[in-house]
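I have a structure here, written as structure tokens, and I will follow up with some questions on it.
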Amino acid sequence: MLETKIIVDSKPKLKNPVCIVGLPGIGNIGRIAIGYAIQQLKAKKFAELYSPNFFPFVMIHDNKIHVLRNEFYFYKGGKRDYIFVIGDTQSYDQKGHYEVAGKILEFVKTLGCKEVVTIGGFGTGKVVDKPKIYASATHDSLVKIYKKHNVNFNLTGKITTIVGASGLIAGLSEHHGMKGICLLGETTGYPIITDPTAAEAILAVLQKALGLKIDLKKLDEKVKAMHDFIKKLETIQQQAVEQIKSKGGKKEELKYIG
Amino acid sequence: MLETKIIVDSKPKLKNPVCIVGLPGIGNIGRIAIGYAIQQLKAKKFAELYSPNFFPFVMIHDNKIHVLRNEFYFYKGGKRDYIFVIGDTQSYDQKGHYEVAGKILEFVKTLGCKEVVTIGGFGTGKVVDKPKIYASATHDSLVKIYKKHNVNFNLTGKITTIVGASGLIAGLSEHHGMKGICLLGETTGYPIITDPTAAEAILAVLQKALGLKIDLKKLDEKVKAMHDFIKKLETIQQQAVEQIKSKGGKKEELKYIG
Amino acid sequence: MLETKIIVDSKPKLKNPVCIVGLPGIGNIGRIAIGYAIQQLKAKKFAELYSPNFFPFVMIHDNKIHVLRNEFYFYKGGKRDYIFVIGDTQSYDQKGHYEVAGKILEFVKTLGCKEVVTIGGFGTGKVVDKPKIYASATHDSLVKIYKKHNVNFNLTGKITTIVGASGLIAGLSEHHGMKGICLLGETTGYPIITDPTAAEAILAVLQKALGLKIDLKKLDEKVKAMHDFIKKLETIQQQAVEQIKSKGGKKEELKYIG
Amino acid sequence: MLETKIIVDSKPKLKNPVCIVGLPGIGNIGRIAIGYAIQQLKAKKFAELYSPNFFPFVMIHDNKIHVLRNEFYFYKGGKRDYIFVIGDTQSYDQKGHYEVAGKILEFVKTLGCKEVVTIGGFGTGKVVDKPKIYASATHDSLVKIYKKHNVNFNLTGKITTIVGASGLIAGLSEHHGMKGICLLGETTGYPIITDPTAAEAILAVLQKALGLKIDLKKLDEKVKAMHDFIKKLETIQQQAVEQIKSKGGKKEELKYIG
């Protein structure tokens, strides 16, 4: 595999779909929110994305070999349809963020998508009861809609940059003729702690702004299960990084494992 | 996005255009000089360059998502036309400098450009009142013209190398059938300090050598505004680099942000 | 050479071939097992794989220049045929693991292969007399077959990840319409120590599960000879890495050698 | 520039040409030997190679902008013709060694070349009066020829590996249907010290084995001049590397220069 590729099971026909992306990140807010939405809505997986920019290892998951991936689901919502993007990981390589973001955007564009919502976290170092949702968008029309639902677009002095997939996918959506918004849930900021409270606040916004109907009652319970998988993945990645460091910071030594 | 791409709004028809490139660098001389020229001349933006070789983050600028970019402007000067290239950043990746330089040169060549001027800084560690302008070019014909305007081409014992975009764009222009010159303004050399005095000295040379008519009176005031944006960008990049360092020099950890 | 390439001598016509991959890794179990199988079965080499993702040096082997490579052999077994993949090295670059794995899988697929077995090690830190064989597969049908031959698929709490070629080749086989399994021999886990006991245990499994008939009597003796070559290669790579470290961790300085 | 490219002035028609490559390396033996041969024979430059794998800076050389490059010269020797490859630098990037080597080999193959000789150094840490020449080749036919001229092919216990361009170009020549040999001159081994004595010993071998007639009398004097350029280049590269190190090992900071 020389570049990121998307393997499509069968391409769904979708009505005015909005694409919502929840990848691992601070507090794993996006990953949890979208993971929960997929479970509750029984969204259907229709494509997988693999990339040489992901870590070069496989996980053993349920005693099966699991190559790291991002996944595409769709859900037919009646008035409009939804594409969900979820994943094990973001790009390992800095350049890879642009490659993966571009592939995702190209692909959802072919599905008729005109609007992309990404979800990230805004680490404050503090624990809050009622996390605020901040956002930045490519078009004023999106700002208008989300402002109605208590999303805060005044980031001056708070957030100056969004690193990684969430920011790039939203920002680059414009180049593909789409509109993009990145929602950021306020969270303490330790990546190893999944933050279901912030995820819930994000889902509440998505419900209102996009008409998604999700029963939030089972969130805590489901988050627990997702958390175990995410934690396992994070521990592994952490070990891989530690191992690289202890061996003198040379990437190539990873190869001796396995 | 797998490689650097230029998104063109509409390709202008230009008369014997000269391309002048001012990217961030020592003292931000080129960035300021060209930024000011664009403002004063009300030059028109017609294309943007994006690259996977730029940092994988977006900035929040005026509460909008801003993907890092370089920009192309044109200005119709009467006797001849001008293309200005300005940008948020240079390549993050060493190989990327060649890629971005090549894309810029290919593109301006298609606009009929035969001459490329890049602007950089020459850090001396000292503060000077009247900064000298040094230069190096690909062709003697350019040397002749600029020598008339007090540009110093005798770099022996002073400058042996020019690192990054300014040097490569000027040097590689020859491969695209163009002539190139790199102007270097004498400056103290701290990248974080923007140097309007050196920028003014560069603009004075461009006025004389290229017939550009720019009112320099408002330079100080405008530089102040540009400085704020540039400083913000630099602080962010610095933080990103610090963060990478403190986490053991591993690039991949950046991904947890956002 | 811009990407991994396979140079084919002549493409054999094979009957229901299974591909068995033994590359360097923990205990060099795969390398030894497959190296021995090739020798005993007098398997015939028919292709070589070269990659810019391998270390940029040549070895002097038997006073000839030897560019680092992986090699493809075939053996006609009567009931079914076998493809063996063996090699000097795995990818030096993290992204390269995906590239090399993809090239191998694409290639064996064109030979009619539907099943890929990779061999790795599982380092326990302890010395064991009778090493167990662990495994993970892409399909239940493979699990069923190998379970009959004392292969342990319950990896919970033991193995969570397989780094490098063995894991990726097995895992990605699915994308090429094949089934994959990665066999892991229990070993102490120091890469510099080749482990013939674990290799023998792997070969015993391959004999039973794949009908390969290999006389294991000369294994110890042959391992000795292979060990010398592998040790030489490892020492060289170690020196290269040391040299890079002592010079400040900069890759580029390697170039001054030779 | 996305990949290594060769810019050809005019392709010469050559009679059974042998390609001799002298790039910077230990003792700069190849660089000096071939640089001297080109001067003495008045060989004609006909092509230049540029690569994104070279350092991203330009040199100021004779007050002109000089982009780092390798160069191709030819010399019509009567009985047979000669291609010389010389250069400022080897690849900065590890993968780049394969890319550059491949491009050189593809190109000389199109010129009818069937034989490639590369020149490197073998650092012993000792100063010797009469340096020995060691070598390794791809074909026995080459071994036979060079053995007649006191070239030592028994490298056991002395040389196990050749890192970088010299080894790869010789080794990979086989993949392009050519024969390759790498000559290694015995030298003390500090890259910063150019070693004209070893270069002379190499030239003596080339005279005998390839029928090249070069007057060696002016070698010392000419080496002095070449040495100054090479030393300048090395100092610059060293500074670039130092600068990277002192700034925390981050490549990206180089961009602030110029």
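Going in written order, the chains are labelled A, B, C and D, and every chain counts its residues from 1.
In this text, contacts are C-beta pairs under 8 Å (C-beta built on N, C-alpha and C of every residue); 3 or more make two chains touch, one makes a residue touch a chain.
Remember, it's a predicted structure, so these values are computed and weren't measured experimentally.
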In terms of CA centroids, furthest away from chain D sits chain A
For chain A superposed on chain B via Cα atoms, how large is the rotation, as a multiple of 5°?
90
Determine whether chain C and chain D, two copies of the same sequence, contact each other through the same residue numbers or different ones, counting it as same when over half of the numbers at the interface appear on both sides.
different
Between chain B and chain D, tell me the centre distance in angstrom, where each centre is the average of that chain's C-alpha atoms.
35
Could you tell me the distance, in whole angstrom, between the mean C-alpha positions of chain A and chain D?
49
Chain B: which residues touch two or more other chains?
92-93, 249
The chain pairs that touch are A-B, A-C, B-D, C-D
Over in the complex, which chain A residues touch chain B? Could you list them?
3, 25-26, 90-95, 97-99, 101-102, 120-121, 123, 136-138, 143, 153-156, 159-168, 170-172, 174-175, 180, 182, 184, 191, 241, 244-245, 249
The chain C residues in contact with chain D across the complex are 1-2, 7, 50-53, 55-60, 63-67, 92-93, 232, 235-236, 240, 248-258
